[in-house]
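Order of writing sets the labels: A, B, C and D. Residues in every chain begin at 1.
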């Protein structure tokens, strides 16, 4: 942390700030400049809790320097992490494709889609049994019955299953039936849920909140790691902006940013990230080209009758064409598919 | 919902859309224009689930018309709701001030602050026992011990107590000790928590999520009402923007917007809304002047030593001065304080 | 500027950064901490042009410390500036109300509105002769004829005139006819226009750009001052967000923020800031209560027939009621109206 | 436009709205629904100027339906436009790469970079002679001298030249020396400049404003086409969000969105779009994969000494590697490079 003094700060005021720093057990390092003095603070472990120095006399502003995340940082673990989901490595040299319906609607629907995405080359099956919906009057998912259907689809296709848990009780169930627990964007800062996921025996896919900074995103992952579960995969799914042409704004630059400061793998979800079927394939190709470790894509064999998020689901045919494109892009960035 | 056809849409395509609408049990009303045809849809109850018509041949775009909220709407209940919190009416002709520390740190600290805000004229005591924190390494609150302290402060000052619950288990405890259950911004779309709050016997203060639209905010309130708890108070606390000078951007225009379409009362929290002590009083005055039903303000007798959110807490002295200002502003908008 | 080194940075890398700093004529101050070393840079005048140190070996990140603005800063001029517009002081103890139609449509319309706002107590007359419109097919203003009409309205009412210039040529004309030159939000970073306004003999009202940070807003004002025109008044008019209920999000917290770091006066425009007639009065009251030096309000005697921005214009009756409210709020913040 | 009535609207109120519509020369089409009546408006050419119907008795809300753009729309011209810049076709089957320094600093610097990007396969040379800078104290470009240097670099390398004009006078000069006129993000709604560019004899590259919607972006292009210059190329360069890890948020989803509704070509500028050197190559690959017609990339042989935007410039070596990657991605989306 750096305390910047006003130009007209007196030597007494500078001394006062240094004393305030030292009273908290840290060390203050005044740096006298031509125009003003800045005071560096060292001796703290992690980020200082709050800019308590801002209201001291003579202080112009306080600038945070340290970050609060530790376990997720590449400084702590320089090599990239590989997280295994049902035997499928995420974060290594592959481009991992997770595909399936937004919501599990029936055994038949799930099997149709699961077989189709398997045939096209998907590695993991996604599908929602617990659906967080903006409206209480919308379809909220089949619950445990949905989990049983997903397990049956895994049985038949061999695809490991990824599905969302929306509360602490749900993690118990998802942990039992699925191969990875997804935490959705709306729950990215549901800290009770994160802590419970941190105690789970299954890997966790953590989606970025709709207006989460990178710092907050990594801090939420840190909650899970801090409880002992190191098998965390991040997932970008678009942020909220003023856009008048897509449901969210897919923020692909976060992929190289995460790679730079964290060892965790990161997926991209272009289905929620755009909200529009015709944009899913172009943004999927872009996500692969930017260097993501994988994709999460909603596929439905009859999207116009889907109970949830139909307009952003692509058909099995579109998915197959997309997979062919991805197979050509993957080697450009040194990945296999 | 309105389906807008492309200029070059054929009569067959228009007919196809009408048939698709009617196949779903609704009615289609073509409106032929000079340049293009639009087709109105009626017969639906509430908002149509999804723009399934977008991918039909000849369709340019689909425009939603209905809103999905019902119980929160002024169309359903034209007169403004008054919610009683421990006997204090919120939403009537008064300007209700909720004040207290961000976090309950100790009995002594809580009593000092509670006495001070009571003396200055506050109506409700706020204080956090369960703190949702971005970092797992930050102070997370005293838990049930904090609730006992709040109850003791109520005992002494007579101020009803408002405190946050961050998970379903927490609601059980908060319901037992406090007079109103606060749902924080990060949990605005934690639907399991909303449903549990909807079954609570105490009023709920629902804070707006950091990037929530008004539609989403009201839909989250709708979750609570739909479970049978009609005692809901909304609270604006700032939204996330690109601002380089405040932690959040306090969106005061939501107050008249809510008043226009909903019967629920709405408070403003200028402490989180700005994140900076020196902005709390000016924005509190603004919130009163814009017509809010009340304020939530963080007060700490020694903000530089606060365990949480010190930089946005004001001192008891600042609070007293602010209350005097508010007493002059309240009558301008026809309120008493 | 502060250069933060990686935890594993070697002494050679630290030395390399210090040498790079000194090669540019500055001084480097290493601050060794428990976990990492930070290096302060002094000797620069103003903000360093660019984070050129970011790519040096061992560097984790570079944090800017200085701000680039000078002349607008309270550090340079501690006392608040008072800008006279046609004899009306803006920035002193008064609450200055600028009112009038969005666009000048005719002499008759302008006179009707000018007389009405004068009668209600407005201090300055606003009205657009050059209108920046999103669409090339919208009414673009009457041009010089509009300026003549405004001058005639001043003649009759005695109200000094504020009007927008949208290009360098327009400043010549506006300077001749009006009492203050308005630079609109879309032109906040039209630097040629700012430089020309900096050479004008009339005061300038500079509106905040739709997504401008405070730093950028002040830097644009700095352009004008740097050319020698110190008579600059800032104006907040709402920023672009994801809001689904107002055209822009009025960011009232910028008022105390500007007061804190700049000596320039600041107005608030709740008409553009909300885009909705029914929100203009509440947000005007809020802007007064937050401490703005004045307001800019669009008034039209027949808003439903206005050629521009009708939906955000209030009627003369609504304006009169608002002025009565403002007269009660002004003294609360120590202002006269 | 669709006028939605309140549930309790009376038949008289509905009649009143229809009459108000017809008084303006349009036609009103009431659509009675189970819960409420909506009234469609036809007979208007283009978008209706303003929601004047919102304040009529019984009206709940007014929903715009038509768009105001015409000439840029695919409805007017279904086939994609190809714009020739100095003989290089933009918008056909190729992936056009524009590269060069942010600012023209000297003949020597410009030649070094121009030769390097030419050797690596770039099609167009970019470089700024007039630089719009946030600070009046930053390097503002060499002006006409810079244009002469660019012309000399074209002479030697054969690369057509793209450079920005920041005001009406600048267009005269740029038109004389360069092959395409760039309008920067800050000037996207500088309508005087757009009109002048619409009269130019050279193609125009229009960058998206920092917070421009797609509608506004296309309307600004419409200004240029409406003056008779149909040679317009759009360019996405990132929008302003709350991001804490990149200067702007590159919004790649706009590429398929533009392709869907407009015939104009669109480039992507990942240099400004990210502001960070290490993100330029990944986002360039992503932009190619999403289907952009080309890229604008800042290259500098000594970025740490660049007078402008050094941190976002890549080196000639990085550029060459990137070009090799792009050559592999282009065929995946059916383009040649």
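By definition in this document, a residue touches a chain if its C-beta (ideal position, glycine included) is under 8 Å from a C-beta of that chain, and two chains touch if they have at least 3 such contacts.
What you see is a predicted model, and the numbers here were worked out from it, not measured in a lab.
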item	value
Chain pair with the higher count of C-beta pairs in contact (A-D, B-D)	A-D
Chain separated most widely from chain C, comparing mean CA positions	A
Cα-centroid distance, chain C relative to chain D, in whole angstrom	26
Centroid spacing, where centroids are CA-atom means, of chain A and chain D in whole angstrom	30
Interchain centroid distance [CA atoms averaged], chain B/chain D, Å	37
Multi-partner residues of chain B (at least 2 other chains)	211, 215, 239-242
Chain B-facing residues of chain A, complex	46-47, 49-52, 54-55, 68-69, 132-139, 166-170, 186-187, 189-193, 195, 210-211, 215-216, 219-220, 222-223, 226, 239-240, 277, 303-311
Residues of chain C defined as touching chain B within the complex	211, 213-215, 239, 241-246, 249-257, 260, 273-274, 278-279, 282-283, 285-291, 325, 328-329, 331-333
Contact set on chain C toward chain A in their complex	2, 4, 6-8, 29, 31-35, 38, 40, 42-45, 60, 63, 65-66, 75, 240-242
